[in-house]
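What follows is chain A paired twice: with chain B in the first complex and chain C in the second.
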Partner chain A sequence: MPKCIIDGKEVEFIPGENVVEAAKRAGVEVPVFCYHPGLTVVAQCRMCAVEIEKMPKIQTGCSTKVTEGMVIKTQTENVKKARSSVMEFLLVNHPLDCPICDKSGECDLQDNSFKFGSPYMRSTEERRAYVDLDMGPVIQKNMNRCIHCTRCIRFGDEIAGIHEMVALKRGNNTEISTIDGKPLETDYAGCYADVCPTGSLTLKDFRFNKRAWFLKKTATICEGCSRGCNMELHHENNVAHRCIPRVNMDINKYWMCDEGRFNYQYIKDELRISQPRVLNGGEQQSAEWAIAISRARAALAGKKAVVLVGTDLTNEEGKILLEFLPKYLKGTPVFHFGTPGVTAVADDAPADRILKRKSKTANLHGIEKLGFKGLSVIPSGTEAVLVIRAGRAQIPDLTGVKNRVGIGVFDQSQTEDWLVVLPGQAFAEKNGTIVNYEGKEQKYKKALNPPENSKPLSETLMLWMNSQISGGVS
Partner chain B sequence: MQQTETLFIQHFGNPESRLLDYYTSRMIGYQALKKAFGMGQDAIISEMKASNLRGRGGAGFPTGVKWGFIPKQSPKHKYLVCNADESEPGTFKDRDVMRYTPHLLFEGMVIAGFAIGSNIGYIYIRGEYVKEAQILEDAINEAYAKGFLGKNILGSGFNFDLTVHRGAGAYICGEETGLLNSLEGKRGEPRVKPPFPAQAGAFGGPTIVNNVETLACVPHIISRGGDWFSKLGKLEKSGGTRLFCVSGQVKKPGLFELPAGGVTIRQVIYDYCGGILNDAKLKGVIPGGSSAPVLTPDEIDVVLDIEPLQKVGSMLGSAGLMVISEDYCVVKLIHRITKFYAHESCGQCTPCREGCHWMEEVIHRILHGKGREQDLDLLTDIANNINGKTLCALGDAAAGPVLSFVKKFRPDFEAYIRGKKCLSA
Partner chain C sequence: MLVTRKTGFLQKGYMIEVFKGLFITMKHFFFSKKVTIQFPEERREYSNRFRGLHYIKAVNGVENCTACMLCPTVCPAECIHIVAGERDDKEKYPVKFEIDVLRCCFCGMCEEACPKDAIKLSNIYEMSIRERRVYDKDFLVEQRGSK
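Showing the complex of A and B:
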């Protein structure tokens, strides 16, 4: 590999790489605002100032490609002065409302100000102020905090494929806005908050929820479709607060869609069933596990039944079912389900030009590979159904099937007339393996404790094996 | 006063000179173009290099060298763009070139297009030049009708189409990449360089952007030779004559065509312009459009050309001299200049967007009796933090005047800060 010199150290670089990236790999931080590795380089913020031998002026590290033998200096007095002056310029009009800003604690502006700025403010002039328009349900805008880095504009243009964010007016009055102040249209709008280096674009969903520094961060995988975008689940005190994409250049790069980002919310939904439920006299009630299990067995016994296995289950759960079903529900047909219209791996295809896949569950490919067959229609004459799922697979139309039993994650509105529901664990509440559309195996990592009275699938099945069929089906 | 040959100014003011008849009977009349077709591309470019013609827009880059940067082969169309944005305050020379000698410009453009292998030319003219845009349109129609533009020009097999594109009134669109963005229908913001326009300019193709006066010199160079043109200039590196725009408090302001590097500022003011208005004392001179650092009366014996002005810390820029007499308040003037640059900043890069406006506010405060002792150091520091650290030259254009005014007219600012009144006005 070719070499350059950064702060006196010989450093290898990848041809075509810019100074910021080469320095990063050498452990040298060149601070940035407008530069984002997934977007085009515009060299606007001027924060990544460096000195390069044989070049008279300060250069920007983002727009300077490293060449063989280049001598780069990131710690000279000139560089420090340039950085601190950029920080000062950016704060001349910034409201400094960190105490009430959601970005506080994870804000590039704050961090770079702390590291590279001056503690003194020389400006006494009136600060610039804007009136903000609503940008739709996903993003809260606060233009006063904006530092005009244009990452959002470039994200829209280059990644989301929609020209909806623009710069209006010019100079000191430049306003970053949507065209004609319309609400955002892209279904990747959450990424606008991710790329924003300050608190100008924040998630409405996360607004005033939790200070960033209280959040615990668990690296896991999105269960929203068969791509398996890598993400971080942020939570505190066993409550999930948000998801943000985690970089994986092979799968989702820096991005994720809104559907995946906000999918986690059902985990803390009030209607989620967290106790075993049985139908008594037309009304569902909480019940002891032992009673509920016996009732579930009775509901299926002696009837023409089918088992539906969600493609939102993990490989581990799928394998247990492969052991369990032939022994304890002998002869009962088993199908997988998850997304209407996607009954097999062959039906899975890109759902847009960015990340989304047609299969709205994460493990279609894994479950099918284990040998489960997809459900096209419920066989006619079916009297009973056992639905096993993790919360994401879309329950098929069960009209006409009178005896319904569920194991896993359900909400009350979906299952109010089901005979038995045995509560299970959502993707964020367990470890497990899923296989994405390209055959890549990835792991869910447990971030949250499941509801106290729910059980992992393995335990539920163990109880099932050890229980008796109770008399009488209500 | 020296009498030297002039290329343009004898035609300025003549309502006939814009017509093709006049151009073919009394000027070069597309004869240089005919000659150029016979010379071939390389010979034209070497003639241009020999002429020592330096860009008349502000940067002063040797035109022949610039043309040489265009790759011979290109998978994309090559473009020739004439920068007629003339937006630097104090500059009004290109306007008269377009008003009175449009065909000279066109002939220069066809020659340039032929030399670099481009069949598409644009004249990007500032939006405020409404009449001039119409004059150009009319003249283009004439030239098309007579076969000096369009297909197979003069039977050479060379095609060249020329389009006038009107800007919408932004200083920044005089910066060549800002101009190209605007030409493409995008926001008028300068681009990151590299790539330079010669590699990837208009619509991604190799592009030459030349100033109006620069291109209007080309037919003269081709018809009479690079050497002849070079010798019109009085300094080794600067060929030709130059159009100097003189404004401000002189008795006879206006356009003067003088040999490049042949006169000092003092000569221009006192010999050509008849001295200061009301015979007042000279306070200062801005020698190259409002972005050029100001010079004081003891500095005006400098020769008006690129290197000599660089040596005294200023620049020739677009050769727009603004003369300031003792009757004029320099604090008001720098406020107006700074306000202009703050208003014209595109807003892309941090130092220019925030810094120019901040400087304007500080100066505004000083002007309105709310200045503080430390403001002058603050202004200097803000300007230094902009200077040389921005995406394009607009930052430097805003910082240079502030730095020089505060340094050279410090007592005037201090008077405002302490005594709340101006020394001069």
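Showing the complex of A and C:
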């Protein structure tokens, strides 16, 4: 590999790489605002200035390609002066509302100002102020905080494939907005908040929810579709607060769709069933585990039953079911379900040109690989059904099936007339492995504690094995 | 160890020392300023920097606090609990602002961390209570001092 010299250190670089990336690998930080590794380079913030030997002036690190034997200096007086001047210009119009701003704590402007800026302010002029228009349900705009890096414009153009953000007016009066002030249309609007280096574009869902420094971060996998985007779940005190994409150049790069981003909300939904529930005289009531399980067994015993396995379960859970079902529910047909219209791996196709896939569950490919067959229609004459899922698989139309039993994560509104519902654990509450559409196996780790009275699938099945069928069936 | 004390003439005249001591005691008893005060009627002057009962400063009836969460961050006793919200006249304000005062150690770090000059520790030190008390926002926005 060719070599260059950064701050006296010899650094290997990949041909075509720019100075910022090469320096990052060498452990030298070059501050940036407008540069984003996933977007085109515009070199307009001038923050990444570096000195390069044999070049008369300082150069922008993001737009300069490293060449063999290049000598780059990032800590000279000239560079430091340039950085602090850039910081001063950016802060001329930036309001001092970090206490209000959701971005504070993870803000590039804050960090770089602290590291490279001057603690004193020379300007006494009034700062510009804008009236902000609504940008739809995902993004909250605050134009006063904007530093015109145009990352959002480039993200819309290049990644989301929709030119909806524009820069109006010029110079000091530049305003970033949508065309004609229309709300955002893209399904990837959450990424606008991720790419924004300041608090101009923030998530409405996360607005004033928690300060960034309180959040604990757990790496996990999105269970929104069969792509299996890498993401980080941010949580505190066992409450999930948001999800942000995690860089994985093989799968999702830097991005994530809104559906996956906000999918975590069902975990803390008030309607989520967290106690075993049984139907008593037309009304569902909480019950003891032992009673609920024997009721569940009774509901299926001696009837023409079908077992439906959600494709949102992990490989481990699928494997347990493969062991369990032939022994304890002998002769019952087993199908997998997940997304209406996607009954097999062959139906899974890209749903748009970016990330989304048609299968709206993460582990369709893994579950099918284990040997489960897809459900097209529930066989006629079915009297009882056992649904096992983890919260994401869409429950198929069960009209005509009288005895319904559920294991897993359910919503009260979905299961009002079900005989028994046994609470399980959602994706962030357990360890597991899922297989994405390319056959890539990915593990995720437990981030949150499950509701107190829920049990993992393995434990539920263990109780099932050891229980008796109760005499009274309601 | 065996100590042998002298028993000469000077040692036998110890009464002199006794009267000397008694004289000092009597001097303090009759002539010096008294240390105790008659508390509810008389009150002691405290320094302006005294850290007593908390309050949130308000200007024109609007609390200064913007729920930036710096005080719960810096609080070593973790006794401040804030929930932020939005309302028409203020972009961000504390919907809930609670101080679990039995946990509070009156270190005054919240006051120091506050960027909006909102949370204050007043000069009031009479805070004895019968049951565990959590100071809620309605209680805290009463102006109890001029800090």
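Everything that follows uses one rule, which is that the second predicted complex is superposed on the first by the 474 of 474 C-alpha atoms of A that agree within 3 Å, B and C clash if a C-alpha of one lies under 4 Å from a C-alpha of the other, contacts with A are read in each partner's own complex, and residues count from 1 in each chain.
Quick note on the criterion: a contact is a pair of C-beta atoms (placed from the backbone, for glycine too) under 8 Å apart; a residue touches a chain by one contact, two chains touch by 3 or more.
Keep in mind that this is a model prediction, so the values were computed, not measured.
In the superposed three-chain model, the partner touching more residues of chain A is B, compared with the other of chain B and chain C.
Within the superposed three-chain model, A:K443 lies out of touch with both chain B and chain C [touch as defined at top]. By the document's definition of touching, of the two partners only chain B reaches A:I58; chain C does not. Contact with chain C, but none with chain B, is seen for A:F208 once the two complexes are overlaid on the shared chain. By the document's definition of touching, of the two partners only chain C reaches A:P99; chain B does not. In the superposition on chain A, A:K9 contacts neither chain B nor chain C. Contacts of A:N173 after superposition: chain B is touched, whereas chain C is not reached. In the superposition on the C-alpha atoms of chain A, no part of chain A is touched by chain B in one complex and by chain C in the other. Those residues of chain C that touch chain A in the shared complex are 66-70, 73, 84-86, 91-92, 115-116. Considering their complex, residues 98-100, 104, 207-209, 211, 213-214 of chain A touch chain C. Within the complex formed with chain B, the chain A residues making contact are 41-47, 49, 57-58, 63, 81-82, 85-86, 88-90, 92-93, 122-123, 125, 147-148, 150, 167, 169-174. Residues 170, 172, 187, 192, 342-351, 353-358, 361-362, 365, 378, 385, 388-391 of chain B are the ones that touch chain A when the two sit in their complex.
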